[in-house]
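A, B, C and D are the chain letters, set down in written order, and residue numbers restart from 1 in every chain.
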């Protein structure tokens, strides 16, 4: 046991394992064209949304419900430019535009705290949605747009790249001085400011960085949806889902939101297909049970069971 | 003059609807600290109960208020005594409780909606009740909408008096200010919080009953009303009953004016005002 | 240390759990003998579009499947026997992302034999290219519209069934109105694909027919008061009021018009007026209101039979006098095309559908394909039982000029019933 | 040398004047006390100096440079640190991290992290908390939380330290320790400006005392002078 553990805990072994997983995922579309490509890329997308949300909201404690706005901006970028530019460029532009929107919003609103910030960001999604709608109807006399078609394996690779970028960013922010600043803002913003942290700058930039990935994933996933309109692009569901997934997984460490998003997406799809008539009921019950019995999320629960298991093992030997 | 009345009374009616939708949520968040995403589901259930009783038993929708209100109150009260009380005692901090209860109400939303779909299906239901015109100084209004306004105003006044004048109402306000101190002063905090949640649900149910007189209803409509309620509550100031009423009226008036100028801008205007107000005065019109 | 180990084990487990189906999918099992034909669909069982599943295409495809199975299934020559139909319905929660994924899941993972369409025009637009990419026939149900028409040449597997704005509702409406001497019309439309399209097409068709559009106002989804619009239409004295919205707004418009005593000669609404329960909701006030459509039991003997079958199974209030006979006829057509082809090969069936005429409850039924025959098709104009309907004495009469007409239009419509 | 000076500093909340036209100064190397009854405007003054609040009336200068209009983090990096009346620690972080953050961000050029970590440990030891390095700050006693705040403020390498009621709620032994700590801070070459209610402490440790009442400065002088000042005695006894 011990020797296995020491191999498993070896850092280069871990990195190697990660590399193997990454290569396995990246080469998957080369020899496989089935639905799991779609399933995986949906999971990637929700992991990106959730981890991006956690990068900013998880540490600072500002609960953002703006994900759907950034996501929608990405989607619209794709709808507007998808047939004019290479898809990688479109994704990049989607990311940047989202990020700029986030920067502006952040600069305007980050003095709002607690539930007010959450509700403001939510209102923002609706405002952008209705403005776009109004613009399309009154200025362009149309509603909705067809999005350029892209092969699933291309979407998969782009989404995988966004995922890797998101995870790396989240990981390095967490380990850096910047992450410490974010955390101290979450603990006590006033004290952080008096300790020499430029809280406004830190918050706004982090907010903008987190929106990069959300916008990028919106831009690429739009090509799968083929047709979009403001109601579809700025769906508040995409604001709530990352929050639910992060809390479901547990926010203590990076792995929590990742596992939360994976488990949640998987569960939702399987329940929706296995029990289409009852899945909302089951899903609702799972949510309530989870919040009652897993205060630290899925990861917290696994950890508790693990530690208990270890104790028993220790007692046995 | 007629145009002014059209806009003004039209605004009052809309405002009354918005206020009614929001008051319950305001109480639930302001006192019980639950941002109830399933609020709209309670509205939906109230609407469907009223519709069902009218369609199958011929019961007057206004009479059904007396049944719908208490029934939904009991559901809300029991939910809080079981689910939310447990959650509150096991939460590490008030912030954790707010987050946790948010998720729990999401769960409730799914559960209630699914049960409603099983019971009533997903089609549109509607019935005609008092669908005639009433003339006020030459301006015409739908009788059912005016009735709804009167009842909404009446319910909100009674509710306000209950909070302001009765012993129980004072206990609720004390709990809203400072639950711990209120607890020490002999207020049974668990019961008061459950009461608030129940009352919030009751208000949602009544709102649903009244709404069903004027609008078609669907089992999937809940979230739309929750969103309106959140806007009004934030506009008025969280936890302030009077604030919700004023917030509703302002939104209604603005809505009425914008509908007169350019209907397509009405929702844009709502969210614009909402966002502007949050920037200028984040605690809402009557917030502290 | 333990924590790290734990994290690692958890991630490995998850990766394995995800990878497992990949390997499973990789192993080819021996093809078992074909026992059933699976029809799959991503339908909105929940969310705002759930109403479609309950009232529009939902009851029809279920009814059709039961009937086919009662006959023992579809006879496929290739297998030399009848194969019963099995439905595989997933919930898309009225979310575009879920719908597109579910559709691909049905095609790629479940490998269903055929797919049925998702609900609403926008979703149909999204589904059509996906179906086409995988070579699956997509018979459209609730939805269709001008936006899709220019794409038809690139969508050989798409077969649209429902009639819509310029196919051929608004031209017919313009004829009806000009025949009745209507000179002015007011339009209220919903800010969505449906509303924008109808108001646009109606604007052109009515103006061509010499009718003056005196007002065009759009309302957002979720509008809670339309009195200013009704008041304006009343002030302008518009002889026809056209509400191109969904039931929520259409019902609101009618209720408001009654309360504000605006009784135009013609009152037409989009989806809402075409449902049987509409007459129940509005009672005598429904009298004279027009809607998209249309068919009724007088349209043909086959319509009468279909009506009887429907009400034996479902609440009569769910009946849709616009699309139900078309959806059913579409499925009957599909069924005969499959049997005629004698195989489950979609490309073969597609050719049969594009070139054949089959008998359905509409009578002889065929699709008009795009010019070169290489694109998709729309149900031929001659097959429709009507384009515009009007409530008269509790019946949704077809009031089109010509052979489809079941009753002449009543214009001006009767006054709203007196106050009780 | 005047390290801190204010001229005509005023602050209104709504219609209420929390501070009106206050002139004050602190010389380098001094320990200056700021006293006054509750609501006299003491914390408001600290908040203005550290930019937690802003005002357009009056000028505040630090090391001869005008600092009104700057942001809190800028003031901190200029070498002016503070603690808070009600402790504002980073509760879920270990005590050491609290201090570490101060040294990481509070210095203009930033400190190399290894060096910062070492400095942080040293400062924890300085305030007598080397035993609780890894304890989450929220689990410490109030006294120790206040000490963490002091160490955290010191980590930003200040030239002037504002201490807001360091001794409130402490028992006599702890007050004595705190007094000793204040002196030790000054011995490190840091000027100290303190708000205090514990009279014995402030009289014992301060070189000079400023008295505020209803937002106005009513007296200034050595502890001896203040103790004998009639206006001050009236304010305190008349309460």
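Keep this in mind: contacts are C-beta pairs under 8 Å (C-beta built on N, C-alpha and C of every residue); 3 or more make two chains touch, one makes a residue touch a chain.
A quick note: this is a predicted structure, and the numbers were derived from the prediction, not measured.
Asker: What chain groups remain joined by touching if chain A is not counted?
Answerer: B, C | D
Asker: In terms of Cα-based centroids, which chain occupies the most central position?
Answerer: The most central chain here turns out to be A.
Asker: Relative to chain B, which chain's C-alpha centre is the most remote?
Answerer: D
Asker: Can you check how far apart chain C and chain D are, centre to centre, with Cα atoms defining each centre and the answer in Å?
Answerer: Going by mean C-alpha positions, chain C sits 72 Å from chain D.
Asker: Taking each chain's centre as its mean C-alpha position, how far apart are chain B and chain D in Å?
Answerer: The answer is 48 Å.
Asker: When the C-alpha atoms of chain A and chain B are each averaged to a single point, how far apart are the two points in Å?
Answerer: 32
Asker: With chain centres taken as the means of their Cα atoms, state the distance from chain A to chain C in Å.
Answerer: Comparing mean C-alpha positions, chain C is 35 Å from chain A.
Asker: What positions in chain B touch 2 or more of the other chains?
Answerer: 113-114, 117, 264, 267-268
Asker: What are the residue numbers in chain A that touch two or more other chains?
Answerer: As it turns out, chain A has residues touching two or more other chains at 130, 134, 137-138, 277, 279-280.
Asker: Quick one: which residues in chain C touch 2 or more of the other chains?
Answerer: As it turns out, chain C has residues touching two or more other chains at 45-46, 191, 218, 220.
Asker: Can you name every pair of chains that touch?
Answerer: A-B, A-C, A-D, B-C
Asker: Please output the residues of chain C touching chain B within their complex, sorted ascending.
Answerer: It comes out as residues 45-48, 50-51, 53-55, 94, 191, 217-220, 222-229, 231, 247-248, 251-252, 255-256, 258-261, 272, 277, 281-283, 285, 318, 419-420.
Asker: Under the definition above, what is the set of chain C residues touching chain A in their complex?
Answerer: 1-12, 14-15, 18-19, 21-22, 25-26, 45-46, 89-91, 93, 95-98, 100-102, 104-105, 107-109, 122-123, 125-126, 128-130, 133, 147, 151, 191-193, 195-197, 200, 218, 220-221
Asker: Over in the complex, which chain B residues touch chain C? Could you list them?
Answerer: By the definition above, chain B touches chain C via 6-7, 10, 13-14, 17, 113-114, 117, 121-124, 126-128, 131-134, 140-145, 214-216, 218-221, 224, 255-256, 259-260, 263-264, 266-268.
Asker: Which stretch or stretches of chain B touch chain A in the complex?
Answerer: Residue positions touching the partner: 29, 35, 83, 86-87, 90-92, 95-96, 98-100, 102-104, 106-111, 113-115, 117-118, 223, 227, 230-231, 234, 238, 264-265, 267-268, 271-272, 274-275, 278-279, 282-283.
Asker: Give the list of chain A residues in touch with chain D in this complex.
Answerer: It comes out as residues 177, 180-181, 183-184, 187-188, 190-200.
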